[in-house]
Amino acid sequence: MSSTISDQLQNLGVTTFRPSNRRGDQMREVRITRNFTKHAEGSVLVEFGDTKVICTASVERGVPRFLRGSGSGWVTAEYGMLPRATGSRNGREAARGQQGGRTVEIQRLIGRSLRACMDLKKLGENTITIDCDVIQADGGTRTASITGAYVALRDAVSFLKKDKHGAMKGDPIKYGLAAISVGVYKGEPVLDLDYAEDSAAETDMNVIMTDKGGFVEVQGTAEGEPYSQEELNAMLELAKKGIAELCELQEKVLA
Amino acid sequence: MSSTISDQLQNLGVTTFRPSNRRGDQMREVRITRNFTKHAEGSVLVEFGDTKVICTASVERGVPRFLRGSGSGWVTAEYGMLPRATGSRNGREAARGQQGGRTVEIQRLIGRSLRACMDLKKLGENTITIDCDVIQADGGTRTASITGAYVALRDAVSFLKKDKHGAMKGDPIKYGLAAISVGVYKGEPVLDLDYAEDSAAETDMNVIMTDKGGFVEVQGTAEGEPYSQEELNAMLELAKKGIAELCELQEKVLA
Amino acid sequence: MSSTISDQLQNLGVTTFRPSNRRGDQMREVRITRNFTKHAEGSVLVEFGDTKVICTASVERGVPRFLRGSGSGWVTAEYGMLPRATGSRNGREAARGQQGGRTVEIQRLIGRSLRACMDLKKLGENTITIDCDVIQADGGTRTASITGAYVALRDAVSFLKKDKHGAMKGDPIKYGLAAISVGVYKGEPVLDLDYAEDSAAETDMNVIMTDKGGFVEVQGTAEGEPYSQEELNAMLELAKKGIAELCELQEKVLA
Amino acid sequence: MSSTISDQLQNLGVTTFRPSNRRGDQMREVRITRNFTKHAEGSVLVEFGDTKVICTASVERGVPRFLRGSGSGWVTAEYGMLPRATGSRNGREAARGQQGGRTVEIQRLIGRSLRACMDLKKLGENTITIDCDVIQADGGTRTASITGAYVALRDAVSFLKKDKHGAMKGDPIKYGLAAISVGVYKGEPVLDLDYAEDSAAETDMNVIMTDKGGFVEVQGTAEGEPYSQEELNAMLELAKKGIAELCELQEKVLA
Amino acid sequence: MSSTISDQLQNLGVTTFRPSNRRGDQMREVRITRNFTKHAEGSVLVEFGDTKVICTASVERGVPRFLRGSGSGWVTAEYGMLPRATGSRNGREAARGQQGGRTVEIQRLIGRSLRACMDLKKLGENTITIDCDVIQADGGTRTASITGAYVALRDAVSFLKKDKHGAMKGDPIKYGLAAISVGVYKGEPVLDLDYAEDSAAETDMNVIMTDKGGFVEVQGTAEGEPYSQEELNAMLELAKKGIAELCELQEKVLA
Amino acid sequence: MSSTISDQLQNLGVTTFRPSNRRGDQMREVRITRNFTKHAEGSVLVEFGDTKVICTASVERGVPRFLRGSGSGWVTAEYGMLPRATGSRNGREAARGQQGGRTVEIQRLIGRSLRACMDLKKLGENTITIDCDVIQADGGTRTASITGAYVALRDAVSFLKKDKHGAMKGDPIKYGLAAISVGVYKGEPVLDLDYAEDSAAETDMNVIMTDKGGFVEVQGTAEGEPYSQEELNAMLELAKKGIAELCELQEKVLA
């Protein structure tokens, strides 16, 4: 992996191969702002560089029909982008009358990942709905969404802990959770792709992990040529580094 | 109108009849932030107190079919609310598969009002699409949307002015434009209702006016009892005062 | 207001400025036919000149979920136009799979206005659904709809009064209710615009009032240039005259 | 067939077995009113007793994509019922977001039948859209629709004949066309079932024929028990009688 | 009817007028395979020559709302075609967001026909849903569907008979049931039209009958010219022959 | 990895830990039948044990709008399940009016994977649409779909090669392609999960690879607990073994 070389070059003022001039293993600046809006039980603005997502967590008593009486809670997620979050305007999904395939795919991923870090039995018969709405997109919206959603989820769980009438049976959070994209760009593995890289990458991989280093979801797609086991391994190494940084930031923000 | 009395009382530290302790003719603090997001030709965050709306203006070459070849441009608007912009979560319209009646009503009003302050012939065969997305609601989202949308529209027009290939034929902006809600609350006319007032008001009126004092749209609805000509007149007087303040702020921000 | 002059001219056989040769303050011939179809609890054909609308009122036991157990009733409305009610055929909304924005806007207005003239508590847990279906359009379909719907509503209430098992707790009708359009056409305020006027008017205002002179809804839109306070006042004066005539006719028909 | 007996009994003042006291082979009173509304090229109110349908024919230049350049025209039909055309209110299809199966089935039948009596080549590249909207239902709405639609179609063709710019190449009408329902009710074949009979009939058959006695469509459904060849034959005989009367009335009205 | 001549010619090695070289009264080879898939209570592959349809019958406890508490069961059907069951690909109905008119028409016919051969009271409060999915189409898919669906229905009823907790009250099957298409092709009546004949036939008739010779549904459509009573009679004779053969095959397969 | 032990046990007649009694690295019997239906340019029945999918490839001239004039072709996929392909009936997506999230996710995966093994430039401006319709499901429907779809794609490409008017510019197939599921079941890595395993697995991973050993897509989801790097590696090893066997079978079938 050439990141060491890139690093040395960067320290010497030499520009790297990345459009953003980051080292291969360098994330964008990540900011997490809690209590971003006032109504939701959890409300977070998460920023991965120019990618900005509002993540809210809404608590409701009761669960969907298939869980009623089970004593178990539920966590689900929805995802959206403001029409002009991107370089050219995308038609509003509400006006077109349905969510696109990409939207459906992402919101299923977010919900699945959040449930994987929880003990839904301990949540009791409560439902937490996560809304991730992208207000500005610059690559990595799904991984930023998951990383921010986890913080909103934690705030919603804290809200339920204080609620005497809530049905919680202990702390339902089993793990910390964060997500990051990695890829192969110009033949080199890179961490946290922005839009300029993402649209030109040979391989794009989203990795969702717990703070204990367990994999929750790995989705790696060859955009151009198929990728090798070596590339896969290098990407996973970068992902582990990024996840560790994100989990540390999340805990700092939640402290 | 009892606002003078309210005013005197307020100056004496006496609380007024309004939940927010404002005088009857007092607006909430209004903030307009240009260039809020980076992709759109016009992008504004408008805040009427706790009501916060992102208004973007997107420029596209060409016009809808019914205007092709006419030499005339088009301005249209879409409106949405993040699911948890409100006190309890509203189902996402994209997921439900259609925009609700209230949404449709509001976005038609926004589009109609913006077109009324423009000379579409001078715009040339360009389309400007306004997106108003409420990220936090506390009453008056439609009037905040129009007030912010006008600023985003001005930025989009400035963008077109600098564009050599644009088809503009002079400045298409004929008037300044702002909108404000007025109502009758506890028997008194009030300016710029917040949610606490709006949900309890006897009458709710939205007024959209130009900076020259012309009416673009007046929509007054009796929520409880029918209202009288005197109440109508009192509300319109308050609206004129509010519109003047908003137009002044818009020009200051645009300067 | 030049209506006096128009009036004198008309009496002298001089044509007025209106395409229909009416005076500025003159309504079209209005006809209200009760029991137009046989199944509905209230069924009215209302005609404002060539505008013809079938208004039915359907009574159902029970109320929507949000009112169950409240003891309160509900009144709602739906609006439609036969595809060839207009000069050129409009696609059938049922075939296109959704109601257009204009339809939604109008049916919300009708429902809101009818509820404003009622005491829903006294209606008991009954639902009255008003259907307004335009079979021929020549301007003013929404005001004709409201005016006819009120008569159908009264017949439906009479039906409930005779019903021993109904849950009514006294007469739920608080006010008479009618609606009329006014506008500024060729610089002059006019009453009850037909299509020829409506499509060329500078300003179009729909006014819904009670028989006691209270305003239920005022919606005034600048179609061309913004309008002034003087024009607003003149239009409201015309509206009051029209509403008084309509309320008188309604009571005569209901007697 | 016992209709002769019924006839004799009826003449003697004895009530027949039919709820309407008609003879087995007796149709309801049929009325056809041309020019019922003013905008459409053909506009007919057709009444089979208490069943009332507005049938309009709308002419448009051009044809659907699959016929462009073929020189051939197109005739299509849409069908709807006002929500309260029936004894209890049916949800509005436009509001529910789609046409029901029964509606789709009927409008396909109407369109197919009308095309069967025409030479679409002679129509030239024009489209005639038939709208059949039931304002009051009492059985037999589909057969009344076809019978009225044919008259509206004839008026639309006459309109095209007078149009110099139309693309007609001779008279596209090949046959007269009418439709009638027959059935087996209380074991006896009956003509033109009303709702009381239709809902209790053992067999329900819709027959569409030309004025020359050719079958265009026969649809016979066993509602209770399967029916025999003899019953089928008896129903077809009744249908022929009814069709002949309807064709005669159509021509009289069109004269 | 010239089938005798065709028959003699065929025996002499002379080709007939039918593209498939069948006699006028000759069906395609029909195959019915039970237990085609493993999950459904009834699962049949039915083949009429190259037309192949998977018919499954699914048993569920309970009935739709309108039958709850009535003690009566329900049978309903849905129909679909794989997108490439036909010569050119048809858009997938699930992706387009609705079933087409032809699909709706066919599935209503299937459900209605199956209910006609049953005593739903004896079925008890169970619902049997029939799915007919065409995997290869060559004409006659609706008649093949009904013929196969009947066999799947019988297997589902057998499943219920063995179920102690089922609510059956005796055998709900009243009749055997089969369906066949007949038509007029090149001026001659023909049995069991394949696609080549169907697309060129003057008349197309679908006949659904019981094994006792009763008519359940007759649907005859003039595709080109209207048809005569003689043609109708000739087609029905062919249909009776075909139905008898199909009912015999069904019972053999079920034995 | 304990598969060696399992293997030895199995050889000794000892049952393994898998419900199907397969070794951990043993696939179900896989069958691929070409020319399964007659209309499509490629038509394959693929069976992974009891999972059965019909995969058709349909060739159309031309490409979607976003590729017109680019000289490049397009490959896309749609996926569906017959309602009773599963143990209990799933509502038909066409009847519900939209494809579910799982369906959308799968069909996007199929299309993306097939495009990854092709040179779309060489395909010329042709579109190949793959339809994967599951007629019986027992786990692994998406991987069976991709494996079968590749064979149907190859047949469609062969069809285009023979077509003089096709716009192909050389062989567009760059790689062989197959897909297999792997997982962790009862703590052990297993190959090709059937439904009994899939519904109880701790981790479920779908791996799509070329015949040259390159990764096209890896999607690994923790169903229960997060998984480790060691488990990931073990699963990928199993996948490579399975893919090699599948690619060999595909080539044998295509020979």
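Going in written order, the chains are labelled A, B, C, D, E and F, and every chain counts its residues from 1.
As a convention for this text, a residue touches a chain if its C-beta (ideal position, glycine included) is under 8 Å from a C-beta of that chain, and two chains touch if they have at least 3 such contacts.
Since the structure is predicted, the reported quantities are computational estimates derived from the model, not experimental observations.
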For chain C and chain D, chains touching each: none
Graph distance between chain D and chain F, where chains that touch are linked: 2
Maximum centroid distance from chain A, chain identifier (CA atoms): D
Centroid spacing, where centroids are CA-atom means, of chain B and chain E in whole angstrom: 61
Whole-Å gap separating chain A and chain C, where each centre is the average of the chain's CA atoms: 52
Averaged-CA centre spacing for the pair chain B and chain A, given as whole angstrom: 34
Sites on chain D at which at least two other chains make contact: 97-98
Successive chains around the closed ring, taking chain E as origin and chain F next: E, F, A, B, C, D
Interface residues, chain F side, partner chain E - complex: 37-40, 43, 50, 52, 54, 56, 58, 60, 78, 80, 82-89, 92-95, 97-99, 103, 129, 131, 133, 135-137
Chain A to chain F touching residues, read off their complex: 98, 101-102, 104-105, 107-108, 112, 116, 175, 205, 209-210, 212-222, 225-229, 232, 236
